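Worksheet: the structure to be examined is printed underneath.
Order of writing sets the labels: A, B and C. Residues in every chain begin at 1.
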Amino acid sequence: MSERKIGEVILDVKNISLSFGGVKALQGISFDVREHEVRAIIGPNGAGKSSMLNCINGVYHPQEGEIIYKGEVRRDMDTHHAAENGIARTFQNLALFKGMSVLDNIMTGRNLKMKTGVLAQAFHLGPARAEELRERAFVEHVIDFLEIQPYRKTPVGRLPYGLQKRVDLGRALAAQPQVLLLDEPMAGMNMEEKQDMCRFVLDINDEFGTTVVLIEHDMGVVMDISDRVLVLDYGKKIGDGSPDVVRNDPEVIKAYLGVSH
Amino acid sequence: MATKKNGPVITLGVILGIGLAAPRFTGSAPGFYLEVLLGGLMAGGLYSLVALGFVLIFKASGVFNFAQGAMVLFAALALARLAEWLPGWVGIPAGLPALALAFVLATGIMVALAWVIERVVLRPLVAQDPAALLMATLGVTFFLDGFGQTIWGSDIYKIDLGISKDPTFILESMFQGGILVSKEDLVATVIAALLVLMLAIFFQKTATGRALRAVADDHQAAQSIGIPLNRIWVIVWAVAGFVALVAGMVWGAKLGVQFSLSQLALKALPVVILGGFTSIPGAILGGLIIGVGEKMAEVFLGPPVIKLFDLAGGGIENWFAYVLALLFLMVRPEGLFGEKHIDRV
Amino acid sequence: MFYRENGQFKSNYTEDQQILGIRQDRWFIFGLIAFAACAMPYIASDYMFRAILIPFLIVSLAAIGLNLLVGYCGQISLGHAAFMAVGAYAAYNLVVHFPGLNFIVVLVLAGLISALVGIFFGLPSLQIKGLYLGVATLAAQFFVDWVFARVKWFTNYSPSGSVSTATVELFGWTIDTPIKKYLFILAVVIVFTLMAKNLVRGHIGRSWMAMRDMDVAAEVIGIRPMYAKLTAFAVSAFYAGVAGALWGFLHLGSWEPAAFSINFSLNLLFMIIIGGMGSILGSFIGAAFIVLLPLFLNQTLLLLNKLGMNVGTAMASHLEFMIFGALIVFFLIVEPLGIARLWAVAKEKLRLWPFPH
């Protein structure tokens, strides 16, 4: 197992505020993420965690604040720009392409790398054919990694929930991201599935050096696999630091009323 | 969010205003202008009638009933034929008495038909997206077309409301020669206005009407205070069927009962886009704007355009409503009075 | 027991992504093409070519185009016949102003012009979707109707408003008999079907399907909605344009603008709903259905009349409307993926047959 070296700050979120109409989802949140680390975002329901992730990859546009990614300062992120520059994510509600197979879903994750034009594809000419086979080979690596080989041709709608979540992860991985945003990757899973998912997350971080930012409710998981933890409550930051520090923070304990899953 | 869109809306309004006023200055007689305007208003009123049934159903059950136009045709056919056949069946004198009885019978038929459509076609599809419902009701339109002609026959039939087809001249004192309006159009407008009034009273003053409005607002809340949802839907559809009958009667008297009536099914779309899917005043206003716009475009915009591009004739009416709706969609998709939709991830 | 895949292994990705992966499928399709190309010309009568096979093939082409847009990319087009009209009139004007131009070039250019128009009328799809987009496409249909009826240049100043085409000549080969027309159209359809299959299994097809299934997620993973939607409109209009040109030149011979009216558009839509949205095979099935049903009904009615039941001939067209309408509703409720899906399910069962599972 290679020594994971945590690098410099790759993502710096400064003073983000986001509101929808009268509802303040995020208020003045600032934190940073270092390269190669596993950063957890925790907090009670409605704390704004998903909104934060949405801001990072450009789905929501905050009213205030900036996001500095790989040295580039942006008032708000653009989804395409984020995708092109190495940010990929999974979704709380899966958002898989129900009409397609597992293989095709993960192949869509390679879309940015596939450049041949419509005409070449229509006649399946040399470059298009070579590209398709090359990307297929890469996606098969991802499928091997996630151990979903038997399901590759199954329409995703037919798979059980746990496997669908793996496909979601696979689609994000296919893009070879530098920063992987995981929105509750273990929600609704049983103990075994959670262990599998943890293993995947750690392997991704170890083998590919991918920086992981994940939202998670399971305290055990968070304490085990993350390097640093950010705690949100009602759109405000109430804790930030290593798992141990955060675990003993009175503010955090108060917010959770001492409940852990 | 609203301020960002205000610019284009104002521009659209100004363009509409100019379009409305400009013909006044083209040198044609003011009386003529008023004629076209009134003609357009009356045609628009008839569009509104069709759109009204649509909006009613959508307000109460969230279902898009694009078969409303087909229902209008079916109703008109039923009315025309029953009025013809009843004298032979029950010995009632032909003309207005037969028509009145036919109207009552037709109401029953339309209510039943509306209920069947809701039950068989629309309820199973209620969770799907509106485009699927659109296509399903296109299917219903085709079905009703064939079915209606099988039952009632496929010639062009007349509905004789007993109004003379002679044109009248009004406002003779103000404009030289007076303004030409058709008596039928006048009666149609009066009937339409009466219907709207009836509906307004029904919705505002009666307990059932209140229940309908509650259901339109929030199904679950309405259920929780004991309003029987299924019964309400039946009532709504019955009302829509009745509105279709009135529209069919009025249109049928004016145009004769023929297939082109179901083209109204498609015309209702631009009307509700302009007016908003959930607004009764919107349906009325939308219909009027489209009616007037079409007539104005055809009569005043047509000739210069034909001359400019050396065209082989007019026909702007055929696409004007849709292009206008398209412009509205780009600028203000929720229509003049509708509610905004927000897409959340 | 016939449809077994036993022993048919795929040892590399090339084999795995074949269009016809199962040997039996390959035999069937090649056999079908061979039959259509070699046997049909001897078996079928002129009537069969003129009334059934030629319209079926051309309309399938248009249906494939519509299916790419609606079934694969999830957009909506209620006025697709307008693109056919553009193709037909474009081809006509090309032939009139550039006589001697190779007919295949004419077809391709007509398709490209139609594709451009398709992109233009597809622009609203960047802002609106579903039902609203449907209204936009209706606007396109009625506007295009009007343009071709009124702008005299398009009909070469024809006094009656209709245009006629001369016989098509290709590389010295005069395409004048039904058999020759059939073979030419068959070749075109085979090529275009192959192209469509390729597009659908490539990354452009996947991005279309991603837009259909979940456009927000698609955007997040880096698919550009504008590119996906507009290419869908462009390719779809290209197919419709070529189909329109073929329809005008090789099927109708002469036409007026009403040949490409809203009824044609709605028929195309019904074809893909009944046949199967998101399925190339479904486009063919739907086309066959819509072309054959009226003929079938007519024959049935004639038979009934012979048997003594007095059914008017108008009844045939009423029945047609009723059956179409009922089927549309039926399929939308019961099996939105149409007959093609029913066929796919049947094939699944066939793979196991005679075993229950």
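Keep in mind that, in the parts below, a contact is a pair of C-beta atoms (placed from the backbone, for glycine too) under 8 Å apart; a residue touches a chain by one contact, two chains touch by 3 or more.
On a predicted model such as this, the values are computed, not experimentally measured, just so you know.
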| item | value |
| --- | --- |
| Chain whose Cα centroid lies nearest the overall Cα centroid | C |
| Identity of the chain that, by mean CA position, is farthest from subunit C | A |
| Separation of subunit B from subunit C, taking each centre as the mean of its C-alpha atoms, in whole Å | 34 |
| Computed distance of Cα centres, subunit B from subunit A, in Å | 50 |
| Approximate Å spacing (C-alpha centroids) for the pair subunit A, subunit C | 41 |
| Contacts with 2+ other chains: residues of subunit C | 216 |
| Of all residues in subunit B, the ones touching two or more other chains | 345 |
| Junction residues of subunit A, two or more chains touched | 59 |
| Subunit B contact footprint on subunit C (complex, rising order) | 76, 124, 127-128, 130-136, 138-139, 142-143, 145-146, 149-152, 161, 216, 262, 266, 269-270, 273, 314-315, 317-329, 332-333, 336 |
| Footprint of subunit C on subunit A - complex, ascending | 57-59, 79-80, 83-84, 88-89, 91, 95-100, 104, 107-112, 114, 116, 118, 121-124, 128, 131-133, 135-137, 140, 171-172, 175 |
| Residue ranges of subunit C touching subunit A (in the complex, touch as defined) | 13-14, 16-17, 195, 198-199, 202-204, 206-207, 209-210, 212-214, 216-224, 231, 235, 278 |
| Residues of subunit B defined as touching subunit C within the complex | 64, 120-121, 124-125, 128-136, 138-147, 149-150, 154, 266, 269-270, 273, 306, 309-316, 318-319, 322-323, 325-326, 329-330, 333, 343, 345 |
